[in-house]
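Alright, structures below, take your time with them.
Look at the two complexes coming up: chain A is in both, with chain B in one and chain C in the other.
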Partner chain A sequence: MKIIVACGSGVATSTIIASKIEELLKNNKLNAQIIQCSLHEVDGNLKGASLVISSMPGLDVKDVPVVVAFPYITGIGVEDLDKKILEILVNVS
Partner chain B sequence: MNIISGIFSYISNLGSTVVVPIMFMIVSLVFGLSLKKSYKIGITVGIGFIGLNLVIGLFWEYLSPVAALLASKFGLTMEYVDAGWMVGSAIGFASPVGTFIIPFAIAVNLVLLSTNRTKTLNVDIWNFWHYAFYGGIAYAITGSVIWGYVMAGVMAALSLKFADIGAKYIEKEMGIPGISVPQCFAASTLPLGLLLDKIYSYIPWLRDSNVSPKKLSEKIGIFGEPATIGLILGVILSIAVGYDLPKILSTGLGLASLMFLLPRMVKILMEGLLPLSDAARTFMQKKFNGKEFYIGLDSAITLANPTTAVVAVLLVPITLIIALLPFNRVMPGADLAAGAYYVCLFSLIHKGDLVKTTISGSILMVLIYSFMSIFAPMINKLAVAAKMTVETSGLGIAAGVNVVAGPLLLPLNFLNKNLGAILFVILGVIIFVLASIYEKRMDEKLGENAK
Partner chain C sequence: MKELISLIESGKFIKGDFKDKEDFFIQINDNLLKEGYVSVNFLEKLLNREITYPTGLQTKSLAVSIPHCESEYIYKNGIVVAIFNNPVKFNRMDVPEETINVKISFILLVKDKEKHLHSLQQLMMLFQSEQLSKIVEVESLEEVLELIKGVGTKNDKERGDFI
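== the complex of A and B ==
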């Protein structure tokens, strides 16, 4: 399983999101490869990905579900987002 | 007072690679993190700095000879290179103002929130480096740590105010309520964007321009990738100075590596700061539980915008041409790949119009290169103090100076330092008040429309 975590530069916000995803996977005993990248690198990494998690609403991605991860940055609504992501991942695996 | 500045100068003489990690460890302990976590924050931040310093070396290795040739062949004096915002962030955090910037900017935010001067709660702790960066420049000019922190406070306050105004555009154009962008760079482009939008409304052929790329951005692909921009920049510069093919290719590859490696190193710094930024965010939200406010996030939330993506790429050649203007002393560098951050609010203000956004973006770049040329010596001084470069490198380090901080720092540069400092505080307050009045009018207008 491959998860893409994207933000503007692939540096700051995506690091926050990726660390939360790592924690979520660990707590639910799931295994996935997390690819952290910038907006412009999403397309190139898309092959074989099950999920794109981004800090940017409106990302145009074909055939792969996209989740906007504001809650991981603001700390509000984290549980709902966790649930949503787990649902997508369980369906894939 | 003398003891305080004595302590600060002793600390800065120790070298920030050693001191900054220790300071971040102390700040983490203050925020209630465990010793183990605080230790990990400190050491990871330290590793990030050293990693970054290693990569910055690529700048002079490949670009110093190019700069020398540009000077001797074409009379272009570019004594500095734009090392980009990532290096700027490290310079900011490593400056004496960076040491306590996190608690300081939080304090500024909490005071303004509790006195209803702003509606933004800035949880984007990472981007506090901007405030430290401008505070650092003020410190480099005046030699006063206190004026440095005052400057940082002024920039923090103005960013919050501009964010309040920007939030209305984010809600209107993107449909996201309750979010604002106090990221200092984007926020500082807001007044310029609003002013230019007003001017455009008086220009007949421009007023009704409505060119928005829907699909174009998909074709940008690899040309938007930092490594490719580095490669192209290296090749263009090498051809310009008349290198032979092997040297053209090696310079291209050198700059591509630089652009690829910089984010990796900054990521380490970021990973180090992560638990601290979590703790600081929780602390702030606890203080203001239940109150309604905008959550301040990084400008990245606005980036998935086709106009922004296209203009960011258009700005690469435009910036290279701007760099040829006679006032300029800075060679374009890493921030060529950061155009999207520069114009993201313009795209919202100009409602996605490609023509207006490109014009505004070009005007912005002219201003940024002017301010960067003026303040490059101070930025390089901070970078030398942070052991990122040496004075004899042959090519100094600079990084983008935003269009609000630039004018505020000018009086410091040209006047007696205390007089200049008082002037920038007064200017800052005036801008804050004007922005507040503008915001109120906007609210009234929105209220009328709602009726």
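== the complex of A and C ==
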């Protein structure tokens, strides 16, 4: 399973989100390769990906589900987001 | 909060009045360039980044922003803490077409992103802490660091899920 984590520059918010996803995977005994990149690098990494997680809205991706993980930045709504991501991952794994 | 404190110590503290975010970026860029923190493209990259992917964040207590750009334009790691006497408008990261009135801006100078995970996580903890709103009142870098040391201690009421 391959998960792409993207943000504007691939530097700050994607780093936080990627660590949060690693933790979520570990706690739920799931395995995945996490690719961290900037939003305009998403297309190039898309092949074989099960999920794209972005820090902000507006990403136009076909055939792969996209989740906006903004709550991991502000801490508001984290539980719902965890649930949403897990549902998608359990379905593809 | 060790890693965050060390990055803020390596950065800069500024408190003042700015007309808008462009005015703020231009003034801080002069400083950062002179002191060798950033490359000559930094200002342009920072401005462009705010247009395409804005960095305003509405936390539970107040609005902040985390302007930054790709690592290749950064020479020295650090965080600039800027407190605005009068709020400066930034567009929101989650709703880019909306603006918010930002009181504190943290410019992230990230040269090595691998080394920054802990400090970024700690910055997000600060955003969810009651200490954040107290930073608006401080006058010096030392006071900022004092407040950050209090994040996550038993006197600090949690404002959300810690990251």
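Rule of thumb we're sticking to: the second predicted complex is superposed on the first by the 93 of 93 C-alpha atoms of A that agree within 3 Å, B and C clash if a C-alpha of one lies under 4 Å from a C-alpha of the other, contacts with A are read in each partner's own complex, and residues count from 1 in each chain.
Quick note on the criterion: a contact is a pair of C-beta atoms (placed from the backbone, for glycine too) under 8 Å apart; a residue touches a chain by one contact, two chains touch by 3 or more.
Because the structure is predicted, anything quoted here is derived from the model rather than measured.
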Side-by-side fit of chain B and chain C on chain A, or clash: clash
Which superposed partner A:V11 touches (first chain B, second chain C, both, neither): both
First (chain B), second (chain C), both or neither touched by A:G48: neither
Chain B versus chain C as contact partner of A:Y72, first or second or both or neither: second
First (chain B), second (chain C), both or neither touched by A:S19: both
Chain B versus chain C as contact partner of A:L59, first or second or both or neither: first
Overlapping contact positions on chain A, where the chain C interface meets the chain B interface: 7-13, 15-16, 19, 38-39, 55-58, 70, 73-76
Residues of chain B defined as touching chain A within the complex: 86, 123-124, 126-127, 174, 176, 179, 218, 220-222, 224-226, 263, 266-267, 270-271, 274, 277, 281-282, 285, 295, 297-305, 309, 338, 340-341
Interface residues, chain C side, partner chain A - complex: 49, 52-53, 55, 57-60, 66, 68-71, 93-96, 108, 110, 113, 116-117, 120-121, 124, 127-128, 159-163
Complex interface listing, chain A residues touching chain C: 7-13, 15-16, 19-20, 38-39, 55-58, 68, 70, 72-76, 78-79
Contact footprint of chain B on chain A as seen in their complex: 7-13, 15-16, 19, 36, 38-41, 43-44, 54-60, 70, 73-76
